[in-house]
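Order of writing sets the chain letters: A, B, C and D. Residues in each chain are counted from 1.
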């Protein structure tokens, strides 16, 4: 399988927002190191997941990757084309091929635009279809995302729709251009449990029908396990483990991954797992710990972990881990 | 210790009256744990808030009784009810970031609580007790002088739990206590809650949309749909033998990391419009086993044996016709 | 042309159900309706004044001097013997003109400036905001007085002096709204589907700013009425030869000590009604549109 | 950042605001009209007379130099120490008189009026606002809201005249103008505030007289302004009462009064406080009209009198003074805010 997306040493730092007063006095600008040297590639047709706790940089990585945010440094390739510095019209044309659906279906649709206009807008932007032809296409995708009968939905405003229905509209808007690649940022976390599967199934269907490759971003490892092919676990702006889903859940190597997996609740009253306790809380992304950024909480931390930051290296060809201890083995 | 009998709660709105909770009955003994599971609009939070009589107005209890240690709090005057809150029943809210007074120091929250309910306590004694509680929570006593914004979400939820147990209540109601938190913190908070509950012999009602944590942490479970109890059983029984189609559907839509080849399926349709709920069985429009009868009659909640209650014609024939 | 007609029709088609649906929003909706009724009534009254007024509002000695209300002069007469009723019927036009022109000026300058500044951002935005905030923090009436004193009398000059006070309000509300809407997911979503910047600004951002602008405009209207009255009161009014409520109210003080209550009461009540009408609309709308108070 | 650093930086940041203010006033008063001297004489003077006046006032210099002279005048501390007031130039009407001196003698009257009016406005506003929010959507709420809206729509001088008519003309309880009855000797000027000076003098009679004179104007101004505070308090209370920490406080069995005042109001008051700086500007605008209505010898009345004389230098000076006052108040409000909200001090 060939790769569709590759990022190399991606970095995104945000200057800490300060009030006018603080700017006046601050000697140096602090940075939130949201994404701190991240490298990975996504193969055509797969579902690649970035997972981790809030603030680990997964969403920022995804946004930088599709150029909604400008990277601080690093390179992004899409179909072997370097798109890191793409600007203006070229960037706009690229967006036709890569789309995104967002976490909050209540916020991702313009409240003053009818459903039909929202979904049809991409067609207008690229001059693909107008008027009756546009409506026809909109009706068609509405059907595809299961909002039937589509004629009923086309003139509604988002206000009239439930969260699950809105997320389908968002999905319809992003597939109407038949993109090659789609970022799905926590697409089900704000939807009722009983309706989540519908969205997930739709995504899987579009992969089959349109051959869409997904970058799936989630904090929910149970969902990640259900949907993904490969999973990368992030901690404080870095990928600390990356492998296929089976390996990750059966033989997690990084101590953080192990702790994370042990904390996931299992819907079974008879199977109480033993949780791996971690010390303290996630440090601030402004003052990232030296060496391995996990060492402050790691139960196995040694001297070297405080001093040198481990690289993300293959333990087996398909299993990458950033940990001094596994590296040594 | 807690007994709820045919509780019904209404919310009058401009578009009509919403019956948020309908005919809910259950009881809870000392140091038992009960889970209230349901999705948005199921009435689980309203049910929780009615147990401390803090349903936001204009919502009100229209029928039924809630007995705490034999006292029916539905009829209690507000002054007596106020004393009950905090002293006998503690409530923990969903969003720890907004549930503490931002301009008040942490210690002051505790001192105020203690001295409201035990007016004769000296300030020094109250501070001593605060330190002890903070110790139980794993928070350094000197952080008493910090403001809420200086704590992380997980820490704030610990503080909320600490405030809850300070007066040694009989019942703790935790309303989505970990929804706003990350998994690792969630697990820690739930463990803390469980340890304190065991240590102090409190009963716990855990309200959550996440059936996983309820199955994991509770003895008995009530599944709510559109304000109705649709199933009520022990967690083991519910997990092994779910009878109501809604419970079955819910269980089939939760991914389990311990299973390798799981097939999830969704419940078709949309959540009910509470202004105009479906007639008969509220779940019938989304139910794959629905028959004509389900839209005409409302099934009764019947014990199918083993203390397992189900409100579905699949389990029994009893029901009440609707007009 | 056809498109324009269609646009008009669709605005009407949206307005009428909008008006009806206002009744369904409780007190706030009714406030908007009452406010609209008051304002429209006063506008109509002023417009038809030449047809219905019993006397020339400016001509003196049409009746006795300073006579209390009677059958012949239902609102009494002024110290110059002018008919109060006729002056009331005519007297709204200055205020309506002043407030309408000032709102127009604010709209034309404040809104685009706010849109532009916030959308461009950066140092330009910072500079604009700093200047505008300084003006905003300054006592409005004092600025208006200073400008009116410098420019001299006249409807447009008065409107201008009020507009200078109010442009910052438009600028600030537009700017803060654009800044917050710019961060919303649906704008990001528009970007991610490749929408051009003007399309984002006018299809996604601006329509969502409009409600706030409308609210500010109604407050602006009410304030313009009061400021116009205030300027007249301190002697910066439009002209003696034009009937004006503010002028009558000011002049009426002279008759007070001799018990002439009617010369201040009627114009005073009219000013209050007009300002109240606009305030009702603004207050009702802001409550209806406040997302924090919606359930 | 500590509270002290915050205060110092906040004070330093006031400087550009002040410069901006001075510049804006200069632009409006000297650049906008073209030739203030010509306006002053309304074209009824000989070119020689006009030239002479220009020379005395320094208006014959190039515009940039006028600007520098004017800015330097305001910030010239030496002059201020020597005369007891800043150099705001000479009056156009009586060219021997310093505008600064006139303004500084009129200012305490405005200050006294403003202080009492803002106290009245805040007390009425906050009490009614809280009451209204507690009874949301009930009859008392509608009445209080109505009060807030009506006070907003009433021209301030109209209310003043009506109060004069009732309490001064018909009932004859209270004086309808001046800071103290003409028959009473004003207290020795220490602070310039009659109520305080008379107390410092230990003269209760003068105190009562000055309070009587203050009642109508300060209530007129206070009531009109209270509407804004009612609305602000109500909206902020409604928003705060919906926050989780309020429900959480109730769930801990705290007394309703504690919940309302120490939880909800304490937090809802913070945005009200920020608005207070801006409301103060509104108050000063209202003060101009109130002073005119009640013949109150303050800054507002000064400006209005000077408008009749077309005395542009005096108007300019008064406008600058209003600006300085507002800037000072917003500085104090910001510092107070930082003191009350722990989240500001990071």
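Here is the rule we go by: a contact is a pair of C-beta atoms (placed from the backbone, for glycine too) under 8 Å apart; a residue touches a chain by one contact, two chains touch by 3 or more.
Everything numeric here is computed off the predicted structure, so don't read it as measured data.
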item	value
Central subunit by CA centre of mass proxy	C
A-C or C-D - the one linked by more C-beta pairs in contact	C-D
Distance between chain centroids, defined by C-alpha means - chain A, chain D (Å)	54
Interchain centroid distance [CA atoms averaged], chain B/chain C, Å	51
Whole-Å gap between the CA centroids of chain C and chain D	24
Whole-Å gap between the CA centroids of chain A and chain C	49
Junction residues of chain D, two or more chains touched	242
Residues of chain C engaged with two or more neighbouring chains	26
Touching residues on chain C, where the partner in the complex is chain D	26-27, 130-131, 134-143, 145-147, 149-152, 222, 226, 229-230, 233-236, 246, 249-250, 253, 256-257, 261, 264, 268, 271-272, 275-276, 279-280, 283, 290, 292-293
Chain D residues touching chain B - in the complex, by the definition given at the top	136, 242-245, 247-256, 258, 262-263, 266-267, 270, 340-343
Touch list for chain D against partner chain C, complex	16-17, 20-21, 24-25, 28-29, 32-33, 36, 39, 137, 142, 145, 149-150, 152-158, 161-162, 164-165, 169, 231, 235, 238-239, 242, 277-278, 281-282, 284-286, 288-289, 292, 303-304, 307-308, 310, 312, 315-316, 319, 322-323, 326-327, 330
Touching residues (chain side chain C, partner chain A) in the complex	184-186, 188-196, 199, 203-204, 207-208
Partner chain B, residues of chain A touching it in the complex	53-54, 162-165, 192-198, 200-201, 219, 221-223, 225-226, 246, 249, 259-272, 275, 277-278, 281-282
